[in-house]
Structure formats: structure tokens, C-alpha cells
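Each of the next two complexes has subunit A plus one more chain, namely subunit B in the first and subunit C in the second.
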Partner chain A sequence: MSLQILVNGIATGSVYALIAIGFALVFNILKFSNFSYGATMTVSAFTAYFLVASKGFGLIPTLLVSATAGAIVSLFGEFVGFRRILLNNSPTTYFFVSSITLATLYEGLVTIKVGASFFRYPDFFSVSTLNFAGTVISKSDIIMFIISAIALGILAVIIQKTRIGRALRAVSFDREAAQLMGINSTLIIQITFVLSGIFAGLAGCFLGIKYTLTPTLGSLVVKGFISSVIGGLGSLVGAVVGAMLLGIAEAICLKIFGSGWATIVTFAIMLLFLLIRPQGIAGSNVQEKA
Partner chain B sequence: MALFINVLTQVCITLVAVCGIYVLTGLTGMFSLGSAAFMAIGAYASGLITIKLGLPIIVSFILAILMAVVVGFVIGLPVVKLRRDYISLVTLGFGESIAQLLIQMNYLTGGANGLLGIPRKVKWPIALASAIVSITLVAMFKRSKYGRQCIAVKSDELAAEAMGIDSSRIKMIAFLLSCALTAFAGCLYSFYMGYVDPGIFGWKKSADWVIMVFFGGVNSLTGSIFGATILSALPQFMRSLRDYRYVVYAVMVVLIINFKPNGLLGEWELTPTHIKETFKKIKNKFNRNSKES
Partner chain C sequence: MKKFLTILMCVFMLFSVAACNGDEGGKDDGPIVVGCLQDLTGPTSSLGKSVLKGVEDAIADINAKGGINGREVQLKTYDTAADTTEAVNAYINAVTVDKVHVIVGPPIANIVNALKATTADYTVPMITLAVDPKCYVDESGKLYEYLFCAQPSTVTQGSIMATYAIKEAGIKTIGVFYTQDNSYSVGLVDPFLNTAAELGQPVAEANIIGYNSSETDVKTLIQPLVDAGVDAIYCPNYTKPLILIAQALSDLGYKGKIISGLDGAPAFNTQFGGDCSNLFFINNIDVYEEKTAAMIASLGDSVGAPNKYFLGYDSMQMLGEIIAKVGTDGAAIAKELESYSYTGLTGTITMDPETHMPIKSTPMFMYTYDYQTAVMLKKYPEE
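And then the complex of A and B:
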């Protein structure tokens, strides 16, 4: 039984990890919380639904379309919402309002298109569950876990091993110094937004498979935020660890308290974490520069 | 006429809440995406106290606001010492949890169906008076020692600390005042509508308020009030365009943030000095124009 809970927790955690990492990427480089991220997930999940999944294509094309849509939306957001603010050297609060506004915009557009109705992705697998030594694992959970792991692995390689990754780390460390060293920081920021958008697309698609597609799907981004707070804001490793812990904690709460209370208990966990260890598990607390 | 009075009352209730947001966002530079949750606390607590305990409305208002302040203190305690991002993240999580909690405690709150049977005691004169009182209160707060400390903390926390301002304490005061005002708006709301349901207190509502504040001018109370009045009154008269409302809002705000980052009114306030200066400016312009021609 406990193994079942663990499996469920990891499955949920792997989706949360995707949300948290896309959020942390942008946080890392521009030092603000990107609230348009949730709505980006919604938009890309719906785009994938209408373009591909409803026409009977399989899982992989749906994921690809969703990721592409996420990247495009995210890049659009950077261009419309953040470019000028960045060039004006405006205070962080403006990024904030801009991202909230973009979230409202995306969600409003999706609402116009679909209304308040529910949508479901078609079933991608003929047999939906596997029985493994008394533990029931749904096939889509396995696929999600594998794809999340692959995506995170690729991201880690990009950040640690490539020239772009090194530039990205430099820009997130100090944008102006990086610019002086000849790094095109605008381009790097764009690349970050594209990466973050890809993760938004994947996460949105997975959430659509796991739950149902509604215009308010994006509010699940709260889980990603909580994960990154637990893991430490701005830390990529922390985000993944936090997401896994949150997923498992939620599965346990689900077992003990029932579905409605899980949200409340996880929130209490986050508050406790902030009281005891505000810098998160990874301990990299991004401080505002004076 | 009935429509006009309805709109007036709703705008006044929104104004009370926006005053709270102005204290938090405009003065102190913090963002709360869970302000609507404090409104929910106010609405539900005051309604429940009146229905179940039969206490007079004034008492239930005061108790509800006190409760919101206590909750706000618990939420704010870990947050005010940290970077400002945390307050938005935490309040966002808090807002979602409150919505869940209201649905879960259905033996008390009526769950997703909402709380019915609250006496409809708030009419437009009360709403208008509350709005005026709240605005006056916030204007006085802005001019007081605390308000100036808030502005200092907003512009540069480190420098403010160096001047001897206890920035976490100031942040907490602003946060609690904001909680109290939004809770008050919630009380007014529930006693005006006669019923409340958890659906309307999502983060969207809080985001709406922040957008209103930014629309009119984040540094100016007059601007925030102006923005809130326009943005909350307009959609009431254009019911048919309801779905497009958010899109129109968002586009307007994106334009304002990009091209006029201080909002429509900037730092301008409705005080005698500012009005005089504006008149002088207009006069100068007029004189120059007439000389040139």
C-alpha cells in the first residue's frame, strides 16, 4: 500500500517538477516570479488539443505541438511584456504586473475560445494500467515520468555543458557584466523564455491528460510555485527535489485526509518551511541587490 | 436608475478593497495575489456570525475584520522578512487554500453552493460612506509617519533600514491594514448581495485589483481610485462584452506599463498644491502658445 502511495506521489511530482523548473528558469535569469507561466500552460495544452489530439493523433505529436506552442507563447510574452521594461531598467514590480496582465490576457483568450466547458484528451493507450506486484501504475504516469526525466536531463546537459548554458548562467549571475563580456543578453533571455515555454507546454499537456482541460488549468501552477519555494527560489535542482517531495507529501495527504484537504495541508507545509528554512532545501536564497 | 445604483454600490465596495491594495502595492511595493481570500474571510465570517449567532451587524463586521487581521498576521509572519516575491507566492497559495477550505467545510459554509440567507442590509449610502471613509483613512495613512516609511521601504529597502526604519515591521503594518480593508469590503459585499460563494474569490480577483491600481497610477491614491472606478464601472454597462472584458483590460494595461509606466496619473494627487501646479502648467502652455501665434 505504501508503495502505491510512493508511486502516485512520484508520478504527480514529475509533473510538478516540469512546472517548477520552467518557473525557476525565468526566475533565475530575470529575478521575478513569472505569473504568466500558468496561463502559458493552459494556452499550449488547448492548442495541442485543438490542432492535434482532437484529430486523433497520438501522444508524441500532441506533446510536440504543445511544447512548440508553449515556446511561441512564451517568446511572445517576452517580446510584448518584458522587453521594454527590461530596457527601461524599471523596478521588478513592473515585471510582476506585466506577467499578471499577460496571464489575464491568455486566460481571457482561451475563455473566449472555449467558454467554461470541459475537454478531455482522448485516451492514448488501449490498456491504461499496469499491475506490478500489487501496485497499480497507470501507463500515462510511466510515460510522463520518463518524458519528464528526459526533458530535465536534456536541460541539465544544456545548462552545464554547452556554450549557451554557460552564457545563461553568466547572465543569471550578473546581466550587465555578462553583456560587457560580449554575451548577447537579450538573445539569452529569449532562449530562456523559449526553454521555459517548452516546459510549460509539456506540463500543460500532462496536466490535461491527468485531469481535465479547463481554462483555469493554469491555476495548478501554484503547485510549481510551492515546489520552488520548498526547494529554494531560483535553484533548478531545488525545484525538482521540492516538486518530488511535494508530490509525495500530497499523495500521503490524499490518503489520510481526502482530496479536498490535500491543497490546504500542502500550503501549511509551505508556510512551515518558510518559517523554519526560508532559503529552501537547496539553500540558494536569491537576495535583492541593493 | 436601479442599474445605476447597483453599479454605484459595487464600485464603492471595489473601491474599499482597492484602497487596501493601494496600501500594499502602491505604498509598500508588495503584491498580494490572495487579497480576495481576505475578502472571502470577511464575507463569510461576518455572514456566519450574523446568521448563526444572531449578533448585530456592526459587531459581526468588527469580529470579521479582526479575524482577517489575525489570519493575515499568521500568513505574514514568515513572509515579511523575506524577499518580496515570497509574499505573492505565499498569498497565491493561501488564496487557493481558502477557496478549498470554504468548499470543504460545507456544514458551515454551504460548500460550493455558497452561503445563503445573509440579511441584505447594506444599501448604497452605506457603501458610499464606507468608500469615502476608507479613502480618507488611506490618504491619512499615506501622509502619516507610517505612510512615508512605507514609501521609503518601497523605493529602497536597504537604505530605509539604514535610516533606522524597521522594514519588516512596516511591511507587516501595511499588510495588516490591507487585510483589514479587503475584509471590510468582503463584509459589505456579503451584506449587499445577500449570499456569497467561494468561486468569486480566486486569484483572478486579486490580480484584477492590482491591475486597477496600476492602470490609474501606482504612486498616486487618486490614480488608483480613478482606475478602479473606471475599470469596475465600465464592464457593468457593457454586459454583452463580458468575455472580452479581460482581454481588453489586459491589452490596455500592457500598453500602459510599456509606454507610461507610472500609470495614467503618475504621481499626481487630488490635493490643493497639485491642482495649483497643474493649473500653472496649463496656463504657461497657453501663454506660450498665444505668444508664438
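And then the complex of A and C:
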């Protein structure tokens, strides 16, 4: 039975990881929690639904369009909501306010378009579940896990092995010093938002498949935020670990405490982390940066 | 970091072991496990708790008679908190971890709409009380095999309300004020409008107002209907918005009637608190029927929405009958349920295999209030 809980937890955690990683990417660079990320997920998921999925195209085109839409929306958000604040060296609070404003704007636009109705992606898979020795696994969960893992792997390679990745890490540690070393920090920030938007698109699409498409889909960004806190704000590895732990913790809590209490326990875990280990699992390295 | 992560993993393993303990469902000879997936803490919790109480009492009655084919019936409760994500997670937990055999689902269309595709992934029948027919079909109109409804659809209910308003209450001009982000509310609009048009009293386009549930200024939104001087305003909304609407209309000095859906039924009266005499509402139960009346009296204040209690009770008893007949195989239960006919506290529920909802002959009742006391006006279909 515990294997089933673990499977359910990992399936949920893999989607949380996509949310958390996009969230952590921006925090890493600009040191603020970008709450417009959730609404970016919503816009991307709906864009893919209307342009591709509802016209009978498959999962991969839907994911590609959603990721592209996420990148565009995220880049637009960077330009409209954050660029001027950044150039003016304004306080971090301004970033936060701007991100909330953008989120409200995006969500409002989606609500006007879809009338707050419920939409579902068409069934992408002919066989829906697989059964391994009594453990039931949804095929969509397996596909989501694999694609999430591939996306995270590609991101890891970009960050660790490429010039852009090195520049991104340099900007995240000290933007001014990186600028003095000849790195175009504005461009790097734009690239970060594009990467973050791609993850928002993937996460939005997966959340739409797993749950349903509504204008409030983006409220699940809270799960990414909790994952980031558990993992250590700004740490990419921590975000993934935190997301997986959160997914598994939720599955265990559902079993032990029931669904009503599971959410409460999840938030209690986050508060516990903030109390006893505010730097999260990733530890002191992140605390120094933050 | 490594040390901390190790400690954390140990804690998780301990909790995982704890999670392993408990009853296991899914066995062919063990107890029959029934999941009840309801909003128990969210804004529609009075409905969810009433359904749950009905299911609990039905299971208690079944077990008191020796269970189903000698097998005890166990209840597992899941809270959706009226949130789609919570609902899907709880559903997956119910069917994969607790391995429930059947589920009694919520009376909330938005939640069932969010769950419907997930039900196709697992062979666990779920009978809900969401009346929007869209809850049971996919985009192409194909029925979800394991999803059913135990009360008449919005098409039936909307049509009954329009028929009563025009033919019995003699209402000439009608306004419509509905929640456009609520599947249940939207689903009740067209059947009402279509029937009104068929009966020769079409509703003017200008007198149809849709609004989002997030709007707070109900007075301004509904003012045009009051100004238009309509005889009645059709408000197929959930209980909480309906209370706000009734209050706003009272404040605006509106003297006409309000026609509501199921959510005008008690506990609307107690939650509104004032004179409800200008409200017509539809209901599933005949409060004057002897057994129903006795049960309502015995329930006292323990149930907020009696009609949901009876629907929960009947849904569980119907599932009990079917399991006794075909066993716990999900596919067999679903197949039997498709055209099953069950006579319970809410009348005879005969399922339509074309819609997975009861056919039109399943009784519904129009009511009003004498101040705070529900008064039955007419039974549909007419005998």
C-alpha cells in the first residue's frame, strides 16, 4: 500500500517540481517571489487548449504551444512589470506588488475569455492506467513524470554546462559584478524569464491534464512556493527535492489525516521549515544569497 | 544538507509506515468499502455534510441488516473543500490507496466536471448529485462509463420551474439572474428559457443577466431587473449567492417573486433568516410523505439540507442493492446502474442509459415558504 502512496506522491510532486523550478529560477536572479508565475501557467494552458488541443492535436504539440506561450507571456511580464523597477534599483517590494498585479491582470483576461467555465484537455492516452502488482499508475502520470524529468535534466545541462548557464549563475550570485565582467545581465534576466515561462507552460498544461482548466488554475503556484521554501528559496535542486517531498507528504497526509486535513498539515510543514530551518533543505549557500 | 535530508527521509519513512496501517479495501471477501467524496469544509459544506449523513445512515441501516451478502460495509470519507484540485487528489487517493469499490460523489457540478475525466482512468463507479448533464459527457458528447447522477438533470428541473411559474403561478414577465461561472447555474438557464418560450412567454434578452461569483455588488447588478418591473426573477444559484440576491432584492424594495433551484430548499430559509414567502423553489422530496416527514423530524438540526440527506441515503441504498446483485466488480456495477430502477425516499429513480441520469418520471416538487416553513405546491410529473 505504501508503494501506491509513494507513486501518487511522486506523480504529484513531479508537477510541483515544474512549478517550483520556474519559481526558483526567477527568485535566484531577482530575489523575489514571482506570483504572476501562476497566472502565466493559466494563460499558457488555455492558449494551448484553444490553439491546439481543442482542434485534435496530440500531447506534444499541446506542450510545445503551452511552453511557447509561457515563454512569451513571461517575457512580456518581465518587460512590462519588472524591467523599469530593476533599472531603477527599486525595493524588492515593488517586484512583489508588480507580480501580484500581473497575476490579477492575466487571470482577469482569461476569465473574460472563458467565462470562468471548466475545460478539459481531450484524452491524450488510449490506455489510461497500468497495474503493477496491485499498484495502479495513471499513464498520464507516467508521461508527465518522464517529460518533467527530461525538462529538468535539460535545464540542469543548460545551467551547468553552457555559457548562458554560467552567466545565469554569475548574475544570480552578484548581478553588478557579473555586469562588470562583461555579462549582459538584462539579457540574462530575459533568458531566465523565458526559461521560467517554458516551465510555467509545461506545468500549466500538466495541471490542466491532471486536474482541469479553470481561470484559477494558477492558484496552484502556492504549491511551488511551498516546495521552494522547503527546498530552500532560490535553490534549483532544493526546489525539485522540496516538490517531491511535498507531493509525497501530501499523499501520506491524505492517507493518515484525510483530505480535509492534508492541506492544513502541508502548510504546517512549511511553517515548521520557516521556524526551524528557514534556509530550507539546500542550506546555508542559499541563505547567503537571499 | 545531507544530514538534514537523511533525518527528513527517516521522518517520511516513519509516516509512510504509519500510512500503511489501516483497513485495506479492494478484497473480494473483505468489507465493501464505500467512498463518500463531499465538500465538508468549503462554501458548500452544508450540502456535503447532509449527503454524508445520508450515506452514513444508509450504511448503518445496511450493516444492521447484516451488510451486503454478509459483508460489512465500511465508509471512507473524503473532503473536496469545494476545490477541484483537492477533489481530484482525494479521488485518486480513494481509488488507488483505499481501493474503494464505489463512491458517492458531491452535488456540485464544478467539482464533478473537474473529476469526470479522471473517473475514466479507474473502474470505480461514482454516483453523484450534480445535475448538469455536461458533467457526465466528454467534449464529443460521449458518456463517462463510470459516472452517474441520482437526481433529475438541469434540463428536467429548469423545465419544471418554468412550467410552474407560467402555468400555475400566472407569472407574465420574468427576469433571469444567474452565475455565469457556475456550471450548475448556467445549465439551468437554457431549459428554463426554452420552456418559457414554448409556453408563449419568452424572456426578453435585456432581462437576462449573468454575473461572476466574485462580484460583490449584487444590488447594482440586479437593479435593471427590478427597474424593469418583472413579476419574477429566476435565480438558479447556490445557497450563499441566493441569500445575497434575496437580501439585495429586499433592500431594493422588490415585490415580485424569486424562482430558485434546489438551493432555495431548506437550509436556505434558516440561513436567510427573514421572510421567504416570495420564493419558489424545486425539491426532490415530499415533506408530507409519512416516512419522509418522520425522518426529517428525527434528524432535527443535524442535517442542514434535508433533500441532500435523502439523496445521499437513496444513492447508497441503490448502490447497496446493486452490489448485492452483481458483486463488487466496478464494470458490473456500472453496467447494472445504467438502467437500474430503485424506489426510495425520493421516489422511484430510474436511470437512463443514454444520459446516466434519472429519466423524467423521477418525481420533483415545487415549493414555496409560508414565512420560514416550506409548503409544497405541486408534484411533477403530474399524476
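Structure notes:
Just so it is clear, the second predicted complex is superposed on the first by the 283 of 290 C-alpha atoms of A that agree within 3 Å, B and C clash if a C-alpha of one lies under 4 Å from a C-alpha of the other, contacts with A are read in each partner's own complex, and residues count from 1 in each chain.
The rule is simple: a contact is a pair of C-beta atoms (placed from the backbone, for glycine too) under 8 Å apart; a residue touches a chain by one contact, two chains touch by 3 or more.
For clarity, every value in this text was computed on a predicted model and none was experimentally measured.
Within the superposed three-chain model, A:229 lies in touch with subunit B and out of touch with subunit C [touch as defined at top].
Applying the stated contact rule after C-alpha superposition, one finds that A:255 touches subunit C and leaves subunit B untouched.
By the touch criterion defined above, A:131 lies against neither subunit B nor subunit C after alignment on the C-alpha atoms of chain A. Contacts of A:80 after superposition on the shared chain: subunit B is touched, whereas subunit C is not.
When both complexes are overlaid on chain A, the residue A:111 reaches subunit B and subunit C alike.
Once the two complexes are overlaid on the shared chain, A:89 sits clear of subunit B and of subunit C alike. The contact surfaces that subunit B and subunit C form on subunit A in the two complexes overlap at residues 111, 260, 263. Put simply, subunit A touches subunit B in their complex at residues 27, 32-33, 35, 80-81, 84-85, 88, 90-94, 96-98, 100-105, 107-109, 111-112, 216, 219, 222, 225-226, 229, 233, 260-261, 263-264, 267, 270-271, 274-275, 278, 285-288, 290. Contact residues of subunit B toward subunit A in the complex are 25, 29, 31, 33, 75, 77-79, 81-86, 88-90, 92-94, 96-97, 100-101, 103-104, 156-159, 202-204, 207-208, 210-211, 214, 218, 243-247, 249-251, 253-254, 257-259, 261.
Residues 1, 4-5, 8, 12, 15-20, 22, 24, 40-41, 77-81, 84-86, 88-90, 92-93, 95-98, 110, 113-114, 116-117, 120-122, 138-139, 180-181, 183, 186, 212-213 of subunit C touch subunit A in their complex. Within the complex formed with subunit C, the subunit A residues making contact are 1-2, 4-8, 12, 54, 111, 115-118, 120, 122-123, 128-129, 135-136, 138-140, 210-212, 214, 220, 241, 245, 248-252, 254-256, 258-260, 262-263, 277, 281-283.
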